[in-house]
Amino acid sequence: MTFSGEFIAFMLLALAAVIGGVLLLNLTNVVHMIIALVFTFVSIAGIYILLSAEFIAGAQILIYSGAITIIMLFGIMLTKHNDTSEGKPSLWRRLFLLLGVLGFAFAVYIGIYNLDLAPQTNHLHENNTLQIGKALYSKHIIPFELTSVLLLVALVGSIILAKKDEKGGE
Amino acid sequence: MMETAWIIPLFPLLSFLILLLFGRRLKEASAFVGILLTLASLVYSILVLFERFTAPTYKSEAAWLNIGDLHLTAGFEVNQLNALMLVIVSLVSCLVHTYSKGYMHGDERIPVFYAYLGLFTFAMQGLVLSPNLLQTYIFWELVGVGSFLLIGFYFYKEEAKAAAKKAFIMTRIGDVGLLIGMILLFWQTNSFEYDEIFKAVREGAISQGWITLTALLIFVGAVGKSGQFPLHTWLPDAMEGPTPVSALIHAATMVAAGVYLVAALFPLFAASKTALLTIAIIGAFTAIFAASIGLVQTDIKRVLAYSTVSQLGYMMLALGSAGYVAGVFHLMTHAFFKALLFLAAGSVIHAVHTQNIEEMGGLWKKLRLTGPLFLIGTLAISGVPLLSGFFSKDEILAAAWEGGHPILFLLAVIAAFFTAFYMFRLFFMVFTGEARSEMKHVHESPGVMTLPMIVLGVLAVISGYVNTPWFGTFLGDWLTKGNDSLGHSHVEGPGWIMIVATLVSLAGIFLAWLIYGKKSLSRDWLSGRGGALHTILYNKYYIDEFYQLTIVSLTKGMSYFLRFIDLFLVEGIVKGVAGFVQGLGKTGSKVQNGQVQTYGAMAFVGLAVLVVIFALTGGYLK
Amino acid sequence: MSLETLQSFQWGIMAPEFIILAVAALLSLLDLFMPDKMDRKVFGYVGIAAIVAAIAALAGMIDHPVASILDDTFRLDAFSKVFKFILLGGSALVLLLAVSYEPKEGMEESRGEFYYLFLTALLGAMMMASSGDLITLFVGLELLSISSYILAGIKKRNIKSNESAMKYVINGGISTAITLFGMSYVYGLTGTTNLKGIAGQLASLGNPQYAYLLGLAFLMIFIGLAFKLAAAPFHMWAPDVYQGAPTPVTAFLSVVSKSAGFILITRVLLSIFGVTPSNGPGSIPILLHMQDYISFIAGATMIIGNVIALRQTNIKRLFAYSSIAHAGYILVAFASLSFVMFDAIWFYLLAYLFMNLGAFAVIQLVSEKEGSEEISQFAGLYKRSPWLAAAMGILILSLAGFPGTAGFIGKVNIFIGAFTGDNPHYVLASIMIATTVVSYFYYFGILTQIFFRPAAKETKFNIPTGILIVLTICVAATVILGILPNTALDFMHNHTNQFTDFLQ
Amino acid sequence: MSLSSVLSILVFSPLLGVTVLAFMKNTQEKAIKIVGLLATLPALLLALACYFHYQAGKDLGDFSVKANWINFVGDKKYFHVAYELGLNGLSLIMVVLTAIIATLAAVASMHIKKEWKGYFMLFLLLETGMLGVFTSLNLILFFIFFEVTLVPMFFLIGKWGYFEKEKAAFSFLIYNGLGSAILLIVIMVLFAKTGTSNIHDLQQIVNAAKSPLSGSVKMGLLIALLIAFGVKLPIFPLHSWMLRVHVQAPPSIVMIHSGILLKIGAFGLIRFAMGIFPEQFKDVAGVLAFLGVINLLYGAFLAFIQKDFKMVLAYSSISHMGIVLIGIGALNATGIQGAIFQVVSHGLISALLFFLVGVFYERTDTSLIENLGGLAKGMPLAAGFLLAGAMASLGLPGMSGFVSEFMAFLGLFKDMPVLAAVGTIGIIMTAAYLLRAVLGMTFGQAHREFAGTMDLKGAEFVPVLTLMFLIVLIGVYPSVLSSPLKTALETIMLGLGG
Amino acid sequence: MSSIPASAFLALALILFCIGLYGALSKRNTVIVLISIELMLNAVNINLVTFSKYGIKPSITGQIFALFAITVAAAEAAVGLAILIALYRNRKTVNIDEMDTMKH
C-alpha cells in the first residue's frame, strides 16, 4: 500500500475515531466523555466521505454529532449533570469482559484480515444523494414507511415517558 | 370307594368352612360338627383301606395348572402307604377331636379351635393322598399352617406367639429345600409325578449326582417338618399349643410327614447310597441327641416332645438303613402310643393345671384311668416286649444292623436305653410318690377325654402284631407288594438283637425306678456327677442360643447393613442429584444479580466463546 | 419507479398490516382529540376488532399463492401466513387481558397510548413474519422492539416498570448492534439485502474465508436474535423485564414477541445459511455445520431456564424462566432441522400461546387482586375459585407437557423432528426430557399452592369479562389441541403445502 | 351396542362419573361416595363380560377398535396415531384386575374424610388412565393414559395423604415423571424411526430383516425401557419413591397404587420390552433375573426391621416385584406366566393388606407395629384376614401367591439354578418378616386403649371377602388366569423364538 | 482503484464496535451506556458503507441500510433516554448498577 493522500486521511480519521472511543472509556466526567465521542462521530463522517457516501456522512454529522449528542447532553443535564463519580465495576467482570472482547475481536479479525472481496467498479459517488433517494422511495418504500411509524412510536413513547407527571406526584 | 377317596379330605374341609362361617353362632356345638365330620372321614378311610387290601393302586388326575404346553396335574392316589397313613391320620384326628371336646371345654374360641383342627386334618389327608410332589408340597405347607395356627392358638401369650413364628419359619427353611429339590427333579424328569420320577430313576434318566442332590434337598424338607437335627428346635417350643394339638400334630401326624415323605419317595432315595447314609446318620444322631435332652427336662410336654424328636430320628434311621417297612411300621405304632401319651399328659395337665413334673407326683391314685393308660404308652415307647413299640423298634434295630453301620446301631441302642429311662423317669415322677405341690380338685377327666385314650391304649398294645417276626409280617408284605424298590418286607436280623433291645429297655426302666421310683439312688447322683453335662442337656445343647447368635444376628445384621445402603447410598445418590440441580439453580440465580451489564456481558461473552470455538475448530483456520 | 408501477403491485396482500396500521393511526389521533376523562378502554376493543379484522383478512388469503411486493420487501407465503395467525391471535388475547388490567399505580394517563403502541408492536412483528428483505426485517424488528421498550416502561411511576424498561432497552440495543454487525457481513459478501438474492449469491460459495466470515455472521445474528427469544446466553434480561413490566406486556413479550423472534430466526437463518456451503461447493450448508452450536444453545437454554426457575418465588419471574425454557424446547425443533421443523415450531408456538396466555390471565387476576406477585398468593385458590384453579391446573399441566393438553403434542412434534433423519439428536432430546422433569418441580409447586395449601382469605374472585374470555379460549384450545391436535395440524397441512414456497 | 365400542365405554365410563360429580355440591358426602362407587361399576361389569366372552371361546379381536386420530405430518402414510384399543389375554386380565380393585378401592374410599368430590373425580380419572394403559394398542396412546395416571395420583397423594404427603407426592411425581420421560424418548425414537406407534406394526418392523434400527440402538432403547418400567415396578435402586407413597398415601389409594400402578411396570416389560425387542431381551434377561433376586432379598431383609407396618408392606412390595422380575428373567413360558400370575396375585394381596391397614389405622390412628399388638382380641375378623393376607403374601399354597411364586422359581431354576437357589432365601425371609409384623400387630397382649375397637363392619366386608375369594380362587383353580393367558403367552414365546 | 484496503475499514469498524461494547458493558452512567450502544451501531454503519463500496457486489443498498440503522439508532436513543428520565424521577439515580431491585 502506498501513502496516498487518501490513506493519510483515513489514518488520521481512524486515529481520531479510535482516540475518541478510548477517551470515552477513560474519562471520568460524563460531559467530557460525550464531547470525546463527538470527535469519533465526526471522524466517522469523514470515513463515510472516503467511502463515497456523502449523504450518509451528512446524516451522520446531523444525527449523531448533532441530535444524539445533544439529547444525551440534555439527558445528563436533566439528571445528574455534574456526575463524575465513575465507579469501576468489579475487577473480575472487567477482566471477563475484556477477555470476551479480545476473543471476539480476534475471531472476527482473522475473518476480515486480508479480506479480498475483488470489488467491481462502482458509481456510488456519482449523484450519491439521488441514488439514495431513488432507492429509498422505490425499492425500499415499505421499510421507509415502517420507519416513519417507528419514529412516531419513538416520539410518542419518549413524550409519555419523559413528560412530567401532571398529577403532581413530586 | 377308592375312586371317591378324594371325598375323605373334604369332610374336615367342610368342617373348617362351616366353623369359619357359622362358628360364632354354633359356639360349643362346633365340637360336634368337627367330631362328626372327622368321624365320617375316618369311616371312609377305613373302608378305603379295606378295599385297598384287595384292589390295586388307584390313581386319578386332572390338569390343574397349564403353562404353555406344560400341564401340571392334581389328583389323588391310593396305594398301600397312602391308605395306611390315611387311616392313621383320620383315626388320631377323630380321637383328638373327641378328646378336645372335654379338654377345651369352657374356652370361648372353641369354634376357631375346631376350625383349625379341621383345616389341619384336611391338609394332612390331602398330603397323604397326593400323587405328585407338587401337590404334596402344597399340602405340606398347609399342614404347616395348621400347625402354626394351633401353636399360636393362645395368641395372647407371648410364648405362643414366638413358638408359632418359630415353628413356621423353621419348617419353612426345610420347605425351601424341598421346593428346590422338587423343582430340580422336575427339570430332570419333566414331571412331578411320583411314578414318572421313579420311572426316570429306574431307567437311569437322571445322573447319580442329580439323584443325590435332589434327594438330599427333599430330605431337608423332611428334616424341617420332622424336627430332625438341626431344624428340631421348633418342635419342643410348639408345645405351647393346646395339648390335643400336640398329640395330633406334633406327635402323631404332621411331624411324621417328613418320614412319610421319605417313605413315599423311597425309590428315589434308595437309588443314592449317599442320600440314604445321610438320612441314617441324621436320624441316628437326632435319636440320641434328642433323647439325651429328654433325660433332664422337667416340663411334661417337653419331655414328650424330645421323645418325639428322638423317635422320629429312629424312623429316619430305619429308612436310611433301607428299612422301609421298619420306618413305616414305627411311624404307625409311634402315632398311636405317642398320641396316647400326649392325651394322657393332657389329661394330667387338665387335672393339675401345671406342666412341671417337679410339682406333680402321686397321681396314680387320683387318676385311675389316666395313670394306667399313660403306663401303657410308656411301656410301648420303651420297647417293652409284647407291646407295639417293641416290635417296631426291633425292626428298626435290625434294619440298622443290616445297614452295615455298627456305630449307627450302637447309637440306636443307646437311644433306646435313654428312651426307656426318661419315659419312666417321667412316669415315676408324675404318678408315684407324694405330690410335690399343693393340688386341689384333682379329678379324672370326663369320659369324652378318656374314651379316645382307651382306644389309643388298645391300639398301642395290639398294633404291633400286624408285623411281627412271630405271627407274620403281614404289614410289611402288604406294603412292599408289587414294588421291588422298597426293599425286603422284613429284615431278618440276628436273633440277639431282640434280646439286646429288651435288655436295654429294661435296664433303662430299672435305672429310672431306682432313682425316681424307689429313690434308692439320689437324683443328684447323676446330675451331680456330670454337672456341666447336666446343664448342657438342660439347656438343650444351647442350640437355640447358637442360632440366635449366628443366624438371627446375621440376618439382622444384613438387614441393618442394607438399610444403611438404602438410607445413604440409594437416597444419597438421589439427594446428590437433587442437590446438584438445586446448586445449579442457586448458582444460576446468583449470576442473575440484577446488573443489566452483567446480563449483557454474559450474552456477549457467550457469543465470544462460541465465536472463538468456531474460529479454533470450525473455521477456515483449521 | 412510476406511480403506475407502484399501483401494479398487489397491495391487497398487505391488508392485515394495513388494517393494523390504520387502526393504530386512528387510535393515536383519537387519543389526541378525545377528552382526557373518557375511558380509553374502548381503544382496547377497537384494537381487538382491528386484530380480528386482520385475522379475517388473512384467513381470506389463506390459499393465496405466494406473492411479493417490491422485490420481496413484503412477501406473503405459507410460512408468513400461518405464523401471522399466531401473532395476531396472541395479540388479540393479550389485548383482552390488557382491557381488564387495572394496576394500582402508573398507567392511567397513558392507557390510550398503550393500545396503539401495542398495535404498532404487532405491526412490527407482522412485518418480521412476511418480509424477504433484511432491511425490512430489521426495521420490523426494531419497530417491535422500540414499541415493547415503551410498553414495558409504561407504568412510569412504578420503579420496577422503569427499571424493567431500562434493562430491556440496554440489552435490546446491544442485541440490535450485534445482529446488525452480523448482517453487515452478510450484506458485504453478497451485495444485497434480499434474502433470495443472498441465497442465490451464496449458493456457490467457495472461498473458505468467506465461509468463515459467514459462520461468524451466523453466530452474531443468532445470538443477537436470541435476545428476542430469551434464549441463552441472551436470556438474562427476561426475568427482570417480565417481572417489572405490566402483566399484559409480560404476556405479550413472552408470547408474541418470542414468536416473532422465532419467525425471524427461522426465516433469516434458513434462507441465508440453509443453502450456503460451509466448505466449498457441494459441502454441507453452514446451517447444518452450525447445528451443534444451535443444539448447545438450545440445551443451555433449557437447563438454565428450568433450573433457575426452581428458586423463584415471584410468579412472573417464574414464568419468565419457564418461558426461557420453552424457548429452549422450540430451539430443539430448530436445531434438529428436520422435515417437520416448521410444523413443530408452529404447533409449539400455537400451544405455547394458549397455555402461557391462559396462565398469564390467571396470574394477572390473582396478583392484581392480592396486590402481590408472590407464588404464595395462589394458596388455596382451589377453595376460593375452583374453576379458576382447575383452569390454571390444566394450563400448567400443558406447560409441563402432560398428555391430553396441547403442550404434549407440541413436544411430540419436536421429538419426531429430533429423532428422524440420519443424525438423531439423542442427547438434546434427553436434555429436553430431563429438564422437563425438573420443571415438574416448579409447575407442581404452583399446583401445590393452589390445591393443597389453605387459603389466607376466603373471598371469591370476580373474574372480569376479558380475562374470562381469554381463559375460556385458552383452556378450551389447550385441551382441544391436546386431544384433537389435527384441528390445527390439518389446517397447516392443508394450507401450507409443506412450506415448499418458503424459498421460492 | 356393538362389541367394538365395548372397550371405549369400558375405558371412559368412569369419566361419566367425573362429569356427574362436577355438578354436585361438595357437601353431599353420601351422594358423592355413592356416585363415585357406582361410576366404577360399568367398567367392572364390562370387564367381567369381556372375560367371560373370552372364556366362552370367542375371539378377543371382536373388541378391537381403531379410528384415525392424530396425523402428525401431511403425508397420510406415516406418522399418524390411531385411536386403537384392543385386548389380548394379558391385557384382559389386567383390565379385570383393575376394574375389580378400583371398585374395591372405591369402597375403601368411604374412609376418606374430606373433599370427597375432588377425591372421587381424581379417583375416577385415575381409573380411566389405568384401564386405558392396559387396553391401548398404540404406544403413544399408551403413554397418554400412562401419564393420565400420574397427575391424579399426585393430587390424591398430596391432598389426602398423611403427614409428609406433599413430599411423597413430589417423590412420586419426579421419579415417575423421569420414568415416563425415558419411556417417552423410547416411544418417540420408535415412532420417528418407523413412522408408526402401533404395537403390532412395531413388532414387525423392528424385528424385520431390514430393521430401521441398528442392533445397538435397539439395545439402548431396551435398556431405557427397562429403566422406565423399572421405576414403576420398582427395581432396586429406583424404589425409594414408592416407599414414601406406600406410607403417606391414603390406604384406598395405595390399594390402587400397589395393586395396579406398580403392575404397569411389569405389564410394560412383558408387553413392550419383551414384545418389541425379543432378541435383545434375551441378552438382558439374566441381568433382570439377577436384579429380581436382589429386589427379592433386598426388600425382604429391609422389611424385616421396619417399625411401621406400612413400611413392611412397602418393602414387601419391592420384594414381591422381585419375583415378577425373576419370572420375566427366566425367559421361558413358566417364568413369564409366573410373573403374570404374580402381578395379579400381588395386586390382589396388597390391595387386601392395604385395605386392612386402612381399617386398622382408622380405628387406632397408628400403624407402628410396636404401638399395636393383641388386636386379634378386639377385632378377630380383621386380624384373621390380616393373617390370611400375610399367608397369601408369603406364598402359602392354596392361595394365589404360591402359584405365582412357584412358577417364577420353577422357570428360573430351569436355566439359572444357582441364582434361583439364592433367591429362595427370600421365601424364608418373607415368612420371617411378615410373621414378625403381623403377629406383632395381632398377637400378644392387647393394648388397653384398643380394647373397645370395632371389628370389620358393613361395607368393609365387601373388599375383604372379594379379595380373599379371588386370592383363594386363583390359588386353588389357577386356570381362571392361565386359560385366558394361553394365546398371549404363546405369542410372546413365539416372539422369543421358542 | 483505492489504495486503502477494505479490511482497514472493517478493522476500524471492529475496533469501534469493541470499544462501544466495552463501554456499554462497563460504564456506570446510563447515558454513557446508551451512547456507547450508539457507537456500536456506528461501527456497524461503517461496515455497511464499506461493503457498499468495496463489497463483493457494490451497491447503494448498503448505504440505505446504514441510513435505516442510523434512524433506528436515533429512535432507540431517544426512547432509552426517555425511559432513563422516567427512572430518574423515581429513583434519583442514573447509575446503572443501582438498578437492581429485581434480581435472582
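For this structure, a couple of remarks:
We call the chains A, B, C, D and E, going by the order they appear; numbering starts again at 1 in every chain.
In this text, a residue touches a chain if its C-beta (ideal position, glycine included) is under 8 Å from a C-beta of that chain, and two chains touch if they have at least 3 such contacts.
Every value quoted in this text rests on a predicted model; they were computed, and no experiment measured them.
Counting hops only between chains that touch, subunit D reaches subunit E in a minimum of 2. Chain centre most remote from that of subunit B: A (centre = mean of CA atoms). Interface comparison, B-E against C-E: more C-beta pairs in contact at C-E. If each chain is reduced to the average of its C-alpha atoms, the one that sits nearest the average of all protein C-alpha atoms is D. For this pair, subunit A with subunit B, the centres built from the Cα atoms lie 101 Å apart. Subunit A and subunit D have centres, each the mean of its CA atoms, that are 70 Å apart.
Subunit B and subunit D have CA centres that are 37 Å apart.
Centre-to-centre separation between subunit A and subunit C, using Cα means, comes to 30 Å.
Shared interface positions of subunit C, i.e. residues touching 2 or more other chains, are given as 135, 138-139, 142, 146, 149-150, 153, 156-157, 165-167, 170, 174, 185, 188-189, 209, 212, 216, 239-240, 311-312.
Counting partner chains per residue, subunit B has residues 589, 592, 594, 596-598, 600-601, 604-605, 607, 611, 614-615, 619, 621 touching two or more of them.
All chain pairs that touch, listed by label, are A-B, A-C, A-E, B-C, B-D, B-E, C-D, C-E.
In the complex of the two chains, the subunit A residues touching subunit B come out as 89, 93, 96-97, 99-101, 103-104, 106-108, 110-111.
Every residue of subunit B that touches subunit D in the complex is listed here, in rising order: 63-70, 112, 134, 137-139, 141-142, 145, 152, 155-156, 158, 160-161, 164-165, 168-169, 172-173, 175-176, 179-180, 183-184, 186-187, 555-556, 558-560, 562-563, 566, 569-571, 573-574.
The touching residues of subunit C, counted against subunit B in their complex, run 166-167, 170-171, 174-175, 178, 208-209, 211-212, 215-216, 219-220, 223, 226-227, 232-234, 236-237, 239-240, 278, 289-290, 293, 296, 303-304, 307-312, 438. Within the complex, the subunit C residues that touch subunit D are 339-340, 343, 382, 397, 402-404, 408-409, 411-413, 415-420, 424, 426, 429-430, 433-434, 436-437, 440-441, 444, 447-448, 451-452, 485-486, 489-490, 493-494, 498. Listing the residues of subunit D that touch subunit C in their complex gives 69-74, 79, 118, 140, 143-145, 147-148, 150-151, 154-155, 158-159, 165-166, 169-170, 173-174, 177-178, 181-182, 184-185, 188-189, 191-193.
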